[in-house]
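Both complexes below contain chain A, partnered by chain B and then by chain C.
What follows is the complex of A and B.
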């Protein structure tokens, strides 16, 4: 290799590194916004209105007695307005408050927002819902009322999604775990960033319940290879993978609202997913790639089925 | 904590249906049977332990990938068949609940257990919205994701009242550890913070239950006790048919007026501000 070629390659590299860093600089992180800002950012300018906000001061009645300072919005923001001209309600959880855990108030807030959107749709006024999920699941300090709230949330999503899309966005590192992973599971679309994570049981819980041989919760690469947004997208368990960029997330949400209610929801495709599990050998531990398109094709001897094939009841 | 999760489930499944064999082709941990109750022919579903399960983390009465998808398939079968019969009475679906928890395993997470659980909850809720009376009979444990997957979408919840019945978000020991308390501290707090309590009598105070049943011998029920349970399920079916088909009875019940005051307050505030 000549000197001049070396210089040229070096220059190209420097140039592409520069372009890359400029891209990063121009990117407006969605994750770094707080829950209120994230919700606000999705709406058409001047149309967002917060409901049952911090000045209404409806806090969790269960935390103070347990030595936890309650928050005036209980870590859940509800906003109404238009997105690309479409009536939408956005519900955002704050991972910074109690890990985004679902308590009595935050849970009832989400359920009520979904139910009110449902009533509007029934009245002929189309209203979509977007859930910004940063939540570890049920808030253990409110245990049974959190779990009950999650059951009600799931029910209300299923009622609303008949008439309007319910979009789950899992952007930040808190991820979406516990009972709320079922809420994401029954929604119309799931949007994830590579920083987002989705699963029923988090790594610490599995290690705690089933031992370190089952799951080593300190193994970062294992965690991301199973729960991470890239993996969930590769598996077909998330619909859209998008960078942590507010503009890209806005664009994605607009597109999904425009797309409307899918012909069939993922959680209705029982035979498809049941047969996938049935085809896998469970006698030894699975590699995260076991469910990739390629290994599915190998294990079932056919190509991966398109997601929309199953009948809808 | 009971070491016999699933024993009661199987006993009551057999007592109410006369069957205890799994459906051919289904995993042995999911029992499905169609049996008469009152004037109806209902579909009964139960998850039981299967010590030879091919999924090791789902062998002691946990709800795992196979259990969740099997439940979903067996429920959707009923929805589809009754939907085809125009104007016919929708068959009741009875979930007999004795589940230790969801399955905590690596295979489960790789295989997307959250979607499996969602598919089962979806099937139960879809049945309910389609007009099927969905009744849960909680005879033992009903914990966390296991309960969300199997039973918590019912129109009416019936529970046995004794110390082996546990309805909760997490078992006592891990819940104490995660919230950095001792079990004794957790138990003391649960005396004043009702949603923390592991006592089913306290759970009943939250307003979520349709009925609490005192059964003397839940592991060896007498014919009288079995007929009491059957009558209660029949009454719940009739009540569920009156509607509503959503879950509002859980926060509109008399007990909920006090126990879920904050839920009702935030709901009212949102309703008030929605169209302002």
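What follows is the complex of A and C.
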């Protein structure tokens, strides 16, 4: 290669690096928005209105007595309005308050929002739901009430998803764990960023229960290679993988609302997921690469028809 | 947990109510609402005990420059005095028309 060709290649590289960094800088981060701003950003301008907001002061009665300062909206923001002209309710959790944990009040707000959407659908007014999940699951200070709330949330999602899509967005590094991962699991679509995480037991819980040999909760690359958005997308457990870009997330949510209710929900594909668990060799420590998109496509079809119709009402 | 109220003289009605911040570690939430009359009230709830003197010093300083007739509710999760002052200033700025 001649010197001038080298220089040209170098220039191309520098140019593409510059374009990439400019693209990155021009992006409007979704993760950096607070929960209220995230919810607001999805709506058509001027249509969003908050329900049971901070000045209604519907806060948790259980935290103050346990030495935890309550928040005026209990960390759960509910907004109604239109997205691309479609009536939608958005429920956003504030990961900064109690790790986005579900308590009696925040759980009731989410359930009530979904149930009101359900009633609107039954009345012939199509209403979709979007859940912006930044949550470690049930709030430990309200454990039993939180667990009861998760059960209600799941039945409300299953009731609503027959008539309208319920979209889960897991954008930030708090991720979605515990009981709320089950809520995400029964929703119609899951949207993740590479920064997002999705799992039942969080890394610390696994290390605490099974030891550091089983799972090193300080190993961030291990954590993201198992729970991270890219991996969940490869496994087919997330439907859409997007960058941390508000415009991309708005576009994705609009597309999924337009797509409507999926023919088959993920949680109805019982045999598909059972066969995957059965195919897993647990005799030795497995690596995240076991779940590559290619190996999954080989072993089991990705969109299998459900054999067990699971929904019972 | 500690909860207390402080009062300050006020001259003008604040333009509108605002909600600022989050009850996250080292942060706080401020609810500011315009009220009638010539007294501003601040209710502080904090998870960190024993700092009432510091709270009073920060609020005295804040109300040395601000004369809005408001009720302010602060839900605090261990914010530093500097963070408290900034959140209050942010609330006042956001309450301007």
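By definition in this document, the second predicted complex is superposed on the first by the 291 of 313 C-alpha atoms of A that agree within 3 Å, B and C clash if a C-alpha of one lies under 4 Å from a C-alpha of the other, contacts with A are read in each partner's own complex, and residues count from 1 in each chain.
FYI, a residue touches a chain if its C-beta (ideal position, glycine included) is under 8 Å from a C-beta of that chain, and two chains touch if they have at least 3 such contacts.
Source: prediction; values computed, not measured.
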| item | value |
| --- | --- |
| Which superposed partner A:97 touches (first chain B, second chain C, both, neither) | second |
| Which superposed partner A:143 touches (first chain B, second chain C, both, neither) | first |
| Touching partner for A:69 - first (chain B), second (chain C), both, neither | second |
| Contacts of A:260 with chain B and chain C, given as first, second, both or neither | neither |
| Contacts of A:34 with chain B and chain C, given as first, second, both or neither | second |
| Dominant toucher of chain A (residue count), chain B or chain C | B |
| Which of chain B and chain C A:55 touches, first, second, both or neither | second |
| Which superposed partner A:126 touches (first chain B, second chain C, both, neither) | neither |
| Partner chain(s) touched by A:194 [first = chain B, second = chain C, both, neither] | neither |
| Shared chain A surface residues [contacts with chain B and with chain C] | none |
| Footprint of chain A on chain C - complex, ascending | 1, 17, 19, 22-25, 27, 29, 31, 33, 45-47, 73, 75-77 |
| Interface residues, chain B side, partner chain A - complex | 54-55, 57, 65-66, 69-70, 72-73, 76, 79-80, 83, 101-102, 104-119, 121-123, 125-126, 128-129, 144-145, 147-149, 152-153, 167-170, 174-175, 177-179, 189, 192-197, 203, 206, 208, 246-247, 250-251, 260-267, 269-271, 273-274 |
| Residues of chain A defined as touching chain C within the complex | 34, 53-55, 64, 67-72, 75, 94, 96-98 |
| Chain B partner contacts - residues on chain A that touch it in the complex | 51-52, 56, 58-62, 65-66, 78, 80, 104-105, 107-109, 111-113, 115-116, 138, 140-152, 154-156, 158-159, 178-179, 181-186, 198-201, 205-206, 208-210, 214-215, 226-227, 235, 237, 265-271, 273-274, 276-278, 280, 282-283, 285-288, 290-291, 311, 313 |
